[in-house]
Amino acid sequence: MDEAASTGPESDAAPAGKSAPDSDVLLEMDNVTLRFGGVVALNGISFALRKGEIFGLIGPNGAGKTTCFNAMTGVYRPTSGQIRFQGQSLIGKKKHEITRGGIARTFQNVRLFPEMTALENVMVGADAHFKTSVISALFRLPRFWREEREGRAKSMELLRFVGIEHRAGEVSRNLSYGEQRRLEIARALATNPTLLCLDEPAAGFNPAEKEDLLGLIRKIRDTGVTVLLIEHDMRLVMGVTDRIVVLEFGKKIAEGTPAEVRDNPAVIAAYLGVPTDAA
Amino acid sequence: MSAIAEKPAAGSGKSSRQLRGWLGRQPAPVRWLVIIAFVAAAYLLPYVGEVPLIGPQIVTTGVDWSTVLFEMSYYVLLALGLNVVVGFAGLLDLGYVGFFAVGAYVTALLTSPDSVLHTQYGWVVAIPAALAVTMLAGVLLGWPTLRLRGDYLAIVTLGFAEIIRIIATSATWARGDRGFSSIPHPPGKTSDGTPIFGVTDAIPYFWLGLTVVIVIVFGVRNLDRSRVGRSWLAIREDEEAAEIMGVRTIKFKLWAFAIGAFIGGLGGVMFAGETGFINSQTFILQFSILVLAGVVMGGSGNIAGAILGGALISYIPNRLRGIQGPFDTDLYEYRFALFGAMIILIMVLRPQGLIPSRRRAMELKDREKEAAPQ
Amino acid sequence: MNFSGLIQDFGPLTITGLEQGAIIALFALGYTLVYGVLRLINFAHSEVFLLGTYAALISWGWFGLDQNSATPSVGAVLGYLVLGMIAAIVISGVTALAVEVVAYRPLRKRNAPPLAFLITAIGASLVISEVVGVVTHRNPRGVPPLIKPSTVFSIGNMQVSNLQILIIGLALVMMFALDRFINGSRLGRGIRAVAQNPDSAALMGVNKSRVIALVFLLGGLMAGIAAVMYDLKVGVTKYDAGFLLGIEAFTAAVLGGIGNLRGALLGGLLLGLLQNYAAGLFGTQWLHLASFVALVLILLFRPTGLLGESLGRARA
Amino acid sequence: MLLELKDVTLLYGRIQALHGISLTVGQGEIVALIGANGAGKTTTMKAISGLRPIAQGSIVFDGQDITKMRADLRVVRGVSQSPEGRGVFPGMTVRENLDMGAYTRRNKAEIAQDMDRVFTLFPRLKEREKQSSGTLSGGEQQMLAVGRALMSRPKLLLLDEPSMGLAPMLIQQIFDIIVEINQQGTTVLLVEQNAQQALSRAHRAYVLETGRIVKEGTGQDLLTDPAVKDAYLGVA
Amino acid sequence: NKDTSSDTASGSNCGYKLAFFGALTGSAANLGVNIEQGFELAVNQYNEKKGSTCIEVAKFDSQGAAEVAPGVARQLVADKKILGIVGPPFSGESEAADPIFEEAGIPTITPSATRVSLSSKGWKVFHRAVANDDSQGPAAAAYIKDTLKAQKVFVADDQSAYGAGLAEVVKSKLGPLVVNTDKTEGDGKQSDFSALVAKVKSSGATAFFYGGYYTNAGLIRKQLTSAGWTGTLLGGDGMKDPGLAKAAGNAAATGTVVTCPCSPPEQAGEEFNNAYKTKWNVAAGTYSDVAYDAANIFLQGIEAGNTDPAKLNTYLSTVNYKGIANTYKWTSTGELDPTLIKVWAFKFDASGEEKADVEIKVS
């Protein structure tokens, strides 16, 4: 693990997130506000992810974490504020453009293509950067063969990577919950992301499985992918992330290294409660 | 029903699955040989009446057998096209007949002496224009409806088809019920100078139709087994998730519409070229619904299923023609009633269709056992 | 285009539009109810309506009434109306239930895919209308002139007849009652629960089969009433009467937001008005075009219909 | 015995998910069911609540054989489940969802009282009383699912991973709530990944592996069982 | 499949078939059935006279639909024993089916397809046994002007080739008397005509000409009456069927006027009417008599030894046949000789039947 990359100069949470003009900023939330009628789900959120880090997003239920993901991936459009990815604004971009631009995600409630096999699910992700379209598929042009072969090989490799290659031919709805979550990760990885967003990937895992997942997330980071992680399991979050932002009621209440966040009284009061036995 | 037993899409679902399994296990040359044999048999269908015993059972009695075969060929074509839209991409289209109509009408407008355009092109010349216009119509229909989900899409497509029908009926240039006559037939002469595509003999039309069907089957199959087909499937399963995985849903949905429209339009072009006369009465809504029933009955999402379904929906009513029913009636009179009953029966017995796609068959078997006691 | 014609006929077209819309709206409820719960376009609902139109006619036939009879006395008319309503409601209700039991329940038992339901629905619709077609030789059957039309009041050249008041009034009353039932009663809540999550509904103690049957029954009842009104208004019924009006009713349901009861009312009335104005402006042959063009335009801007979908949100 | 499963097998199409499960839950107990992903915990719950028919075996509840009984009738008899994945009615408001929980009950006063109790347990739900539940966050929905299950005043409460998706603070709370409900007389069958917490609260527990029960004992026994520790509790 | 020249059954010139081609089912089936029954009656009588089934009847149901017609027509021409065809009754199906008959060279006599353009297609086998719409339209207009003396007329049609064409002619002949016009959908596509009714009512018209078929017309008449409109509904031969009164109710239908390029049934004579009634249990309908004549013309030709389609067709061009409905003599395009054309007006009475009113002289 290369911890080095994560320890930046600033870790103070107080000033608005404009404090990261570094060239290695990958994604920047700049004063993002998102309202649903009367509910303010995000309230002037600012933070920045750096390339290559594992970044945690935590906070009580309903704090706005998933909404953050949805704003980044184009599912919701912020009421105000900016989201920049590699210097470019994401506001108003189509969902598939954002994905091709390098952001991939998983869902809090698993959303696979239930009747497609595990392999096909991953291939859909791999297709994101292929170009075969109707004409080349219709006439079986060389590009079709090349991309089909590549996509298949790559997808098998990813299934192996997440540890479910033996299920490649199984229809995804028949996989167990844990396998489905892994498959979601493989599918997201297949899109060649620069940034991978995981929404509670460990929900419903037992401690042993969580341990596996922790290893997997590190492995992903080691391939050069930046990871943004939403998770309620503190052992996992504290064990794997480089930096953490804490939300409450749509506001950022803390930002810093795991150690800093864990000891932050505001976070303890709002989220952690009595220090968990897990910690 | 047995008429279809000779076609590649053969027989009952069970044996077809065994057949497919068996076929799958054969080396490529054998597979091709079997396929070629089936195709050859299909081309010989006009003469099936000569086959002793079973032949006469198959051939229709009240209506010319070759004409029925030709009709089957364009119904199959329509089913194949609709299968792309509904079966592959999961876009429920209740107004598919609209494209059939557009194809036929553009042909008529360009070729018939009755047309306001006075171009009087030949049939072949009209084809590219007709297909281009239908594809455009497909995209035009697709574009505004992209935001609509499932059943809303269904009603809008139904609305579009009705709009086309009403225009065909009521707009002066479309000539309504008066229609367009003297639409030219496909070109070509035999050695003795008589046209190949005449009016009294429909066999050449059937062969033409069958050939087109075969070409389309290959095209559609190629699409299905590619990134395009995968994208359609993903869209069908979870559109938003697909988009978030980078699938350009809009593009592929439009393609589905365009391809479906293309194939439907082709059916229309062939129909116009054969009858030589079209008017607004042909393109009724029930027609779309019938084709949809064919697709689903055959096995939505499966090419062989679409072929079988399309063939059945045109064969069965025609076969009933000329058969003595109760009270001194022609069974043809009861065709839709019988047909409706058959649809219910088939769907209840085989909810996934007669020849389900392998995927759907599996799915169903799983789902079935899961069903909780009601 | 004939603007002066439209302006001149505006009043009469408005009242006929509302009258027609009221019938469409009641008819549309069946689609909306079933769709709301099962996500199923119940194509056979048009035949539920169709049999209703015949049921009333046949019940009047028992008393020797046919299209050539003279108009009965006022008291008798009331009796006949009630009789016709009961006959239509019973037959439509029973038909709706029968369709559910014969065509849908077996599929549900096998957890069949949604398209399969759509196709059996089409099958059921075909069987019923075609059997009626064969039995009646596809000839129309005339309705006895039960209600002697008379103008009750008029505004400008808009003359409102007793029949029109009856039809519009009855439709509103029925809609209101149904709305109260669905949104206000425990059973209504059960219906909405099954609509939204059948498994969870079962876990709350809701009997899914009974709810589904109830929904079909309610749709059938409304269709039965619509059928009698149709008889009185159109004066004739035929084996394909359901199909024709069914498409419009379904359109109305979608227009208002399918699954939404109030949407059905709004959609129905809107459709009735639009069609009649279009007939005034462009000619009667374009009447249906108006409804479909309106449908497409409205869905473009409101993809789930005017009032949004789902029984669940009927309240909001 | 309040609940008794004998040799229950269950199929998902070609997949056999349960291979002869036998378990009992006594009146007034908290029984925990733990096991890895795909072990069959949820499936067992579904078999008990009647959401999936079982292929073989029998289920007896409160002295009555309910093996073939419809799910909704089991609710009337007193079985209530908070399902995995929450299963809220997305188009209904929070309050309407809770009302649905009391669908089989008639006593308005008691229902109102229970509603208040749920709101005290989960103040967040009170705040969101009129929001339609489909737009709640994952954790909020989880609270709603548990609250809704309580609304039927069940004899037997089935909780499928009630802590899933909840923030750490709430996890503590939810387990406290379970104990409290239990002390008020409700029997609880609990499926949990958070085995540590579950076992320490449960009177008895079963360990499930690939559709079979491989161990049973008191909560404390299993908590200290090295094999269990190793497999389900992670590093201590 | 047997050869044409085989003299099989008893007597000479036997063993052949005559065909009816037209709607036996479908929404305007009554009209087709009337014609078929007149045709079949003639052949039966001929066979009875011969004492054997000399000429067989072959029936082909086109449903009156243009898209169904070609397949059925091909089935027909495949039967080489068929020497002549009575039909197709409707103009639309004629467009689709006649080219096939033309190519096969089988002579046709249509007792009712009245679209003008049918005779201008150069079909040699086409023969029309009645006047075309060019005579019927002016006749209807003349009736409205001269007999009815209406000052305000509303004209509408069902957009069918037949109905629209007829209404067009009527409109142009009536000129300024037309206060408003409209179009409806065709049979079986619309049943609620309240918008049309509202327009008719507010137009102040006292006469309403509808170009269309009896089913729609009956519905319209009924809805007009119940909306309180008391003017006269008029139409062409497509509305001349008791089906109109069945839909409208006799009371409402009473007084409705229809024109027809045909003669009153009484003129066909007791003998025919009784025979028809005995055989079919209903009174002869519109064009039953013409179909009867058409069949007899064919039979006479066969009797004279014209036992193949080509000869029979040539025979038709020489025919001058006096039948029960009219005398028949054809021009080279297959139209009835102009001097033989007649148009009558009929009126629905309180029993729901159309009774001959006046013969309309068109100048």
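Think of it as A, B, C, D and E in the order they're written, each chain with its own count starting at 1.
What we mean here is this: contacts are C-beta pairs under 8 Å (C-beta built on N, C-alpha and C of every residue); 3 or more make two chains touch, one makes a residue touch a chain.
What you see is a predicted model, and the numbers here were worked out from it, not measured in a lab.
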item	value
Relative to subunit A, chain with the most remote C-alpha centre	E
Chain pair bearing the highest count of C-beta contacts	B-C
Far-end chain from subunit B, centres as C-alpha averages	D
Between subunit D and subunit A, distance of the C-alpha-averaged centres to the nearest whole Å	30
Distance between chain centroids, defined by C-alpha means - subunit C, subunit D (Å)	44
Subunit B and subunit D: spacing of chain centres that average the CA atoms, whole Å	51
Chain centre separation in whole Å, for subunit E relative to subunit B (CA means)	36
Two or more partner chains touched - positions in subunit D	12-13, 15, 50-51, 70-71
Multi-partner residues of subunit E (each touching 2 or more other chains)	25, 159, 183, 185
Per-residue multi-chain contacts in subunit A, two or more chains	174
Residues of subunit E defined as touching subunit C within the complex	25-27, 29, 156, 159, 180, 182-185, 188-199, 201-202, 215, 218-219, 222-223, 226-228, 243, 246-251, 352
In the complex with subunit B, residue positions of subunit C that touch it	35, 39, 41, 102-103, 105-113, 115-116, 118-120, 122-128, 130-131, 133-134, 202, 208-209, 247, 250-251, 254, 258, 283, 285-286, 288-289, 291-293, 295-296, 299-300, 303-305
Subunit B to subunit A touching residues, read off their complex	219, 222-223, 226-231, 233-234, 237-238, 240-249, 251, 255, 259, 359-360, 362-363, 366
Of all residues in subunit C, those that touch subunit D in their complex	186, 189-190, 192-193, 195-197, 199-208, 310-313, 316
Complex interface listing, subunit E residues touching subunit B	24-25, 60-61, 65-67, 70-72, 74-75, 77-78, 92, 95-96, 99-100, 103-104, 121, 159-162, 164-165, 183, 185-186
